[in-house]
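In what follows, structures are represented as structure tokens.
Across the two complexes that follow, chain A remains constant while its partner is chain B and subsequently chain C.
Then we have the complex of A and B:
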């Protein structure tokens, strides 16, 4: 040991000197810290007793804390605390709070709902959340749709029908739009004639002579357009075939075409290649019957009709 | 104090200190991880969960390649709000064949554990190419190259072989195939047979036409096939809502 001073003796050192004179204070821990440390031990032991803790054999010790819930089979069950039991209890509580409203929604007819301001208000607020979570990705948050992809729900034009019953059917089972290709059945000239006729139905400038030939073809067995679109070309909702006379074009790209020639060409293109678009997923397996009824009324309120 | 003596003893014996340090930090792992391998209820016993088909697996590889997991989790937690938005909470059984799993807690975008069947193929394609054309407020990047890049199918079998090595029950031999028939049924087992990987991939892609373009098989076909199967393997209507409550 050198002649340098050893460290102060007021606080004890660990009693060991490195390299001749390096020493380390041995300050005691603050009392509050020590007792907090011991308190965490006690907390842990209490926690083990109340909540699931140690693995034991093929399972684990469940703890004293229990959760009661009613399952979907209607049985009341008690389970040791865990997140899944807690979730069921939480779902029970929410279902109980909403039950008076959902019971009314389920028991009332659509006409009764539309006359009941309280239930209508409930549907507008809960339907808005359901619509945002499930429908808005395609039909957009206001229900306006996307031209070229997904139909507008706020107008009067309904591919499969805009009544409560039809909207309900669409929601539960989904829809699959389809128009066959006519390129192998009809000649290019015939398809051109049909395109001019269809353009004329909604007032798009067209070749009248060709349209006249197209008119005959439309109602003939050769092209048989009227099977799906109807003899008056106003569409048949049971097939999801659109009205061709109202100037609303969802998929054909007619609205986007700058010239009347372009519009006729867009129609010709659809007749030629057909369409395999317009898939609406089925929601019957994903949403509850009450949620689907709420959405039915909500969507009908956006622009439902016939 | 006796304590001082021990303290010094450990500090001056580096080998002993290393051993004691390892023992101390192993406790957490031993208590929290090791029991999961011995507890019966770690993985729920459910019907329907199967390994991905070759096409879905290629889609999954593209999902990982493009880093989708950086913004999207695939784990619905057992909370009421998650159930209302995403559906039934995720089960451990549903990711038993995932290597690596796609759980996670980082959600810049929504959870995708049950996105399968929620949107049409057409929506998925358009949304991947130009997300803001479908969801105006989205911050998701555009992935247009998925539609224009042909899918490389040459290594479909090799990818399945690699997964087989880490325990996914893809079959290579006839015995393994027969075991899969017993385990997954006669319709699923052929899809998991490695020698038929390319044939199965082409069949599913041509039949499903996920990207809406019949002229070829793109990376979009594979990715959409994968997205459309997510969370759809279990039919939850077969189970009571508390069927899995013992598994936690």
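Then we have the complex of A and C:
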């Protein structure tokens, strides 16, 4: 029985014969496969009709359905269905859902915002995204900055002031920090005296005799450090001159230096070469007023103060 | 002899229609009671009102969009998913426990497939009549009567299926509103899809497929078989007693009253006649006579087969198709009673007891390691679930340290760590939460204006907190406690142990 069965299952030939006995096997495709193949033709034709497909004249055949959305300017846009329009529809819908919150932020004072749990929660989450998109490239994802390059926003030392208004001003207009180079004005010895004096202001071990000379120099017209840093060396926020008496160092690599000599050398280096890299770009034209307000509150929450 | 390929059984077996005879007895009464109670709960529960401040006044409402389950006075949030896990675990263990003791009791009495099938058979018998009438109707050619009766049955089935689907949907939306919206075409698309799918599924499962669901589709029925032990009680035919040495026989000298082959009236007349004859003698005497001839107690009336909803003959032994509904026990007891024979030819018994030379009275054998193990797990898990629900907090909290940066040194050398506190109000009304610290000076904590924060029910509040410690204190402080207290409910205060990072601890 089984042999018979096997024989009946052997492959048929097409019936053609060449060179006497050269034959061709006939292995037709399975029927289900063939019909599935035909079905894909029908599917394709249906697809052409429903979705945008063929180029036609200057445009293309648009398909059956349309997408319309209201954009940020309040205009209703309608396109034939395509994935780009679908994306724009999604984005505009999301923006429309956020709008009431942004409007509310814009209408409230900073004091009101700081007392409203719902808006504060909104700012913590939307501000995080805005900060990551626009600020984190320099100030890092948590706002911790990079010593020698970008200020730390989470501490309580604010070069230009840490109040809501000052942060807002910084965001809108940007900042340009500058300190002149003293290498041509002062001798190396004088710069060393100044560095020892400045190190002493924040309790770093130093040479007291040199520091005494540095003190005189600091308040003299020769170096005129006090013009910007103030007679008490606590800095002047209106010009972005840092407080030299606290433990926070942005430009000089004091924290990283292992020895007290190294710390003094780091300070000396800054005095000698000066600074021209403290540039914060202006965001006034790039972000909307609501976004800047959200970022103001977010940055203030990071470590804002006075 | 070799069997060829063409002799193979087909993979598809056409359904053989089953027409069950109705029966009276203890198991039938129990099944009916379970059915009525289960239906009352399922169909009426969505309509039970329950006043709430901030949610629809429905006692049981699974508010999917609001991400909460309202169950009487309890509001369950997605965070409580552990309860669902526990509930599923308890259900599984309960199934194992009961199956080990009394076999597939769930299948026979509580499974919704069995309940709905039972109800649909009841509808069928009310419209088309008792079993012989249904068989006759099935065999007769299509005419007006058949069309009306069969059509009416299916129409009622579909109606019952539809109401089942709608009731299910009513657990997920405010029921009175859903009902209005559903029929005015304003309900959500999900409601229409759910109701349609459930209507079709119920109609197919309880009306058309019935025992096929249990036999071919349901995995539970199959895997319950492996939980049987020799001591497990199950519906058994006592073959020793029923078959004797010469096998079963009808009461009359001629063999096999096959009631099925006769019209109902004739069968009943025969049974009644026998009953009169036997009653003249006593049941014992009739039995003694039979035993002398080597006959068993089974009179082969076939009633146990006719009442079986899955269409098996229990006398062939325990089978995987048996859902252990006990109806054959009722049927057999009815017959035994009518002959004054002792009851229990078909009964709940264990394989071990039946196989023994002198079977004792069947008893629940629970003193087994597996049963006791399941029992202990069941009690522990249930107790834990009750405890967990009973001592649930009225709020959820999560305190995450901000790790970017872990700490910051301030201008005067103080160390500051920052934390994000999320409080979720699970109570039914607005609640004020007070945030405080333990283990460090209260002044070290800064939460802006949110030392007291008001949160709406079901909502979360996000608070940015910073803790500032002097360098000396910071080096001593590795941890402190953050306390969240619902205002006015000091007993519900919860403390979180919080880590404080300092530069000295840097690895």
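Assume the second predicted complex is superposed on the first by the 235 of 306 C-alpha atoms of A that agree within 3 Å, B and C clash if a C-alpha of one lies under 4 Å from a C-alpha of the other, contacts with A are read in each partner's own complex, and residues count from 1 in each chain.
The working rule: a contact is a pair of C-beta atoms (placed from the backbone, for glycine too) under 8 Å apart; a residue touches a chain by one contact, two chains touch by 3 or more.
This one's a predicted model, so the numbers in the text were calculated from it and none came from an experiment.
Peer 1: Taking the superposition as given, does A:84 touch the first partner, chain B, the second, chain C, both, or neither?
Peer 2: First partner only.
Peer 1: In the superposed arrangement, which partner chain does A:253 touch: chain B (first), chain C (second), both, or neither?
Peer 2: neither
Peer 1: With the two complexes superposed on chain A, say which partner A:243 touches: chain B (first), chain C (second), both, or neither.
Peer 2: second
Peer 1: Quick check for you: in the superposed arrangement, does A:154 touch first (chain B), second (chain C), both or neither?
Peer 2: second
Peer 1: A:117 in the overlay: touching chain B, chain C, both, or neither? Say first, second, both or neither.
Peer 2: The answer is second: A:117 touches chain C but not chain B.
Peer 1: Thinking of the overlay built on chain A, is A:230 touched by chain B (first), by chain C (second), by both, or by neither?
Peer 2: After superposition on chain A, A:230 lies in contact with neither partner.
Peer 1: For the overlaid complexes, name the partner, chain B or chain C, with more touching residues on chain A.
Peer 2: Touched residues of chain A are more numerous for B.
Peer 1: Just to be sure I follow: which residues of chain A are touched by chain B in one complex and then by chain C in the other one?
Peer 2: The answer is residues 140 of chain A.
Peer 1: In the complex, go through chain A and note every residue touching chain B.
Peer 2: Touch list, chain A to chain B: 14-16, 26, 54-55, 58-60, 69, 71-73, 77, 79, 82-88, 90-91, 94, 129, 133-134, 137-138, 140, 146, 149-150, 276-277, 279-282, 285-286.
Peer 1: Quick one: which bits of chain C touch chain A in the complex? Just the residue numbers, please.
Peer 2: Going through chain C, the ones touching chain A are 2, 4-5, 402-405, 408-413, 416, 418, 420, 448-450, 453-455, 460-464, 466.
Peer 1: Give every residue of chain B touching chain A within the complex, in rising order.
Peer 2: Touching chain A: residues 4, 7-8, 31, 35, 38-41, 77-80, 83-85, 87, 89, 117-123, 126-127, 133-136, 212, 237, 240-242, 244-248 of chain B.
Peer 1: Mind listing the chain A positions that touch chain C in their complex?
Peer 2: Contacts found on chain A: 1-2, 5, 114-115, 117, 120-121, 124-125, 140-144, 152, 154-157, 243, 246-248, 301, 303.
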